[in-house]
Structure formats: structure tokens, C-alpha cells
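I have a structure here, written as C-alpha cells, and I will follow up with some questions on it.
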């Protein structure tokens, strides 16, 4: 999954009929310090994520494994709202070693 | 899904027989200001998107989940025509924070 | 789909038995002016594309949706030979606007 | 598969119900000298990999082929903990030759 | 498929039980002159490719279409050992033209 922040919403009235009722959120990727990267993806929201929240996005066929997206032409879905990242401070020290 | 603008059409008479009757649109990716990026994809149009319109494109196996593309050798499909993007102005401020 | 030009052929006698009889073409990506980019992919040819021709390539599981590649370990297939690209001259003007 | 090092854990209480009980590890890609690259992925851990360990991650639909992730909206899974890489010293010499 | 050279092997005793008995080769991508690029992938070997050999690798769900990898959490498989690349010298001349 990728880690990103919800930065906005896409409005589209003319769309494939299977997409009616879905919410399309713009998720901009973040690094491990929550800093926004330039890359973004439009993802269906299956967990009620609001603008500003950091989320996990599943892509590809895995994006169709939620109740809302099953068999739908959707290739990205928000599957979780992140509470916290625990990132180890000591990993850098081991860099270059197995 | 990716966000892009339809910039043209591909004409191909010699093709897999399963592709007959499909319209192949050239969709160039855009950023959140609708500025064209260099990357583009050729996508089957399932919603009647015209040149100049901003659209959503689903890729991979999800591109085969429309009525027109079901079981076809198609890996990108236009699924929606974008009316509007609502992008939050305040997200930048929260950058670096959860 | 990606847009590319056939620039050569891969010869391989030792291969998975399911690949026997397939033609592996080297397809180098092109931009909208048909200029070669550095990226290339090896794709099974299902439409008789010759060296020098500009083609569409479907990737991922969609590459297995042709008669020749069904259920085979193939992740890229040439599905069409391009006759012409119609690229709009006016799209640039609209850049930055929906 | 990609090669990466587990550098941390994602905590998320609000998530798709199918993800309950899964452990989400942050896996940062490494090169063949185990040096961290900037790219990372969030992967479900199916083998008990701890922070600091070098692992293999399977992505896409293949990430759903473990007992724990079957039919779940998961697009990356840790499938192995690496003991050792054997990298040939002589390959460079042959560079440029078949 | 991508084109790469086998540069080494990954050893892993702690792994998903479905991976037992598979050989994990490190395949570094090459360009059309067989020069190593920086990108590499870890692929299951289904054709007996040795270190130093140039191979084709199928990725994604297509990597599960060999006898050895069927339904396994594997997203890259070596499907062929390359004997020769025939790359056209005249394609450059046609660059910029259909």
C-alpha cells in the first residue's frame, strides 16, 4: 500500500454507471515525515477519510476487494486512516549491513 | 485512478479483433492545476469523453470492469469526465504533521 | 496501453514450454511525435507487427486476453498497429483550465 | 519481488474490516549493498519480520496469495526474510556482452 | 516482459511455506546493448537460468502462470533465457515519422 494524505475531492457527474455513489478522493503521497510528495492518485474512499487525513491506499486488482468496489472499474481505494507511524531510529545505523 | 486530459485519438485498422469498435483516446496526465505532464496513456473511452476534457482513467485489470472492455486486452479505460476538483488550501500548513 | 515502435526481436530457445511459437518483439516507447524514448518492453506479437511499425501494447493481466496469450506467462502483448495519431493543437491553450 | 528493509510499523484503528488483525510494516527498498533507497511500501507481514530485517515483498494480486491476505484489499505482502544475498563479482566484466 | 541479467541469488529460510523449493534470482535490468541498469527485481527461476545469463522476466499476475508458481505469492518469474537480440539499425532514421 502507499501512504498519502487526502488533499481534495473529484466531482464527476458523467461517469460509468457502476461508479455512481462513490466518493473520489485525491490522495497525495507522503514520505515518512508526512511531507507531501508530488505524486498523487485518485482513490475511492471506503473508510470515510476526510481531507487532511493520512491514509493507506491499495492499488490494482486489490482495490476491488472491498464491499463497495467489488467488480467495479476502480484501481485505487483508501483502506485505512493512519493513527501513527512508528519509524525506527536505529535502522540507519545498520544501513549497508544485513 | 489517474487524472488526465484527452489530447487526441489513435487510429488503428490492423488490431486484435476484440478491439473492433473501441475508441482509443490519448490521455495526457495533468497535475492538480490541470497543467499537462509529459506522461500519457492510450485509453479506451467508455463515457464519450471529447478532446480537451479532463478525465479519470482506471488501469490494469480494473480497466476490464466496464461493459465495453470486459475480458478484452485493454489495460486503461476512461471511467469519468471531471466537472471540478476541490483541492484544500490548508493541507500544506499541516505538512510534516499527522 | 502504451505507444511504442517495434525496434527488434528477442530469440530464446530455452523458455517456458507455454511460450513456444510466440514471437517476442522489442517495443521502444515513443512520444506523441513518434520520437523514441529510452524505455522499452518485450511484448508478444498477436497482430503481425513488423520492425519499424508503431504499435499499442497492453500490459499486465490484460496481456493475457488474446487468443494466443490466454493463461500464458506473458505480461505484454501488441494489440494494434497504429495508422495515425490525431493530436489536438489547441489543448495547450487550455492548459491550466478545466 | 522487491528487496527492502523493515523500518517501522503503521498503526490504524479505522480501517476496512477485512484488515483487522493484520500487521502493516513499512518496507524501504534497498540496493544490493543493503543501502536504503528513498522508495518505500507498506506491506502486510505474513512471516513475522521484525524492524531492521531485510525482506522480500510481493506486490499486486500476488500479494493476495497468502493464507492471511486471500481476497483481502492488500497489494503488498512480506513473503520471506532474507538470510544472505549472493551477488556475482564477475557479472560486471561481462557487461555489454550477451 | 523486461530484459535483465541474472547477477545473483537470494537465500531465505524463513518464508511463506508456498515458496519452499523455489530459487530466487536477482535480475538486474539491461538495455539493448546488455549494459546493466540500476533497477533490479527478485524473480523465481522456472527455466534454470544461471548467473550471468540474460533473461526475460514476466511480472504481476502473469508471473503465476507457470507450473511452479501457480497460485503462489510470486510477482516475477524468469520465463526465457535469451540467445540473441536482433535490433534494427534503421529504426533511428525513421524516428519522428510514423
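For clarity, chains are labelled A, B, C, D and E in written order, and residue numbers in each chain start from 1.
The rule we apply is simple: a contact is a pair of C-beta atoms (placed from the backbone, for glycine too) under 8 Å apart; a residue touches a chain by one contact, two chains touch by 3 or more.
If you're wondering where the values come from, they're calculated on a predicted model, not measured in any experiment.
Looking at which positions face the partner, chain B and chain C present mostly different ones, since fewer than half of the interface numbers are shared. The distance from the centre of chain A to the centre of chain E, with each centre set as the mean of the Cα atoms, comes to 29 Å. Distance between chain centres (mean CA atoms), chain D to chain E: 18 Å.
Contact with two or more other chains is made by residues 60-61, 63, 82-85 of chain C. Taken chain by chain, the contacts form a single closed ring in which each chain touches exactly two others. Passing around the ring starting with chain D, then chain E, and so on, the chain order reads D, E, C, B, A.
Of all residues in chain B, those touching chain C in their complex are 5, 7-16, 18-19, 24, 26, 28, 33-36, 38, 40-43, 51-52, 54, 60-61, 63-64, 71-76, 82-85.
By the touch criterion given at the top, residues 1-3, 31-32, 46-48, 56, 58-63, 65-66, 77, 79-88, 90-92, 94-98 of chain E touch chain C in their complex.
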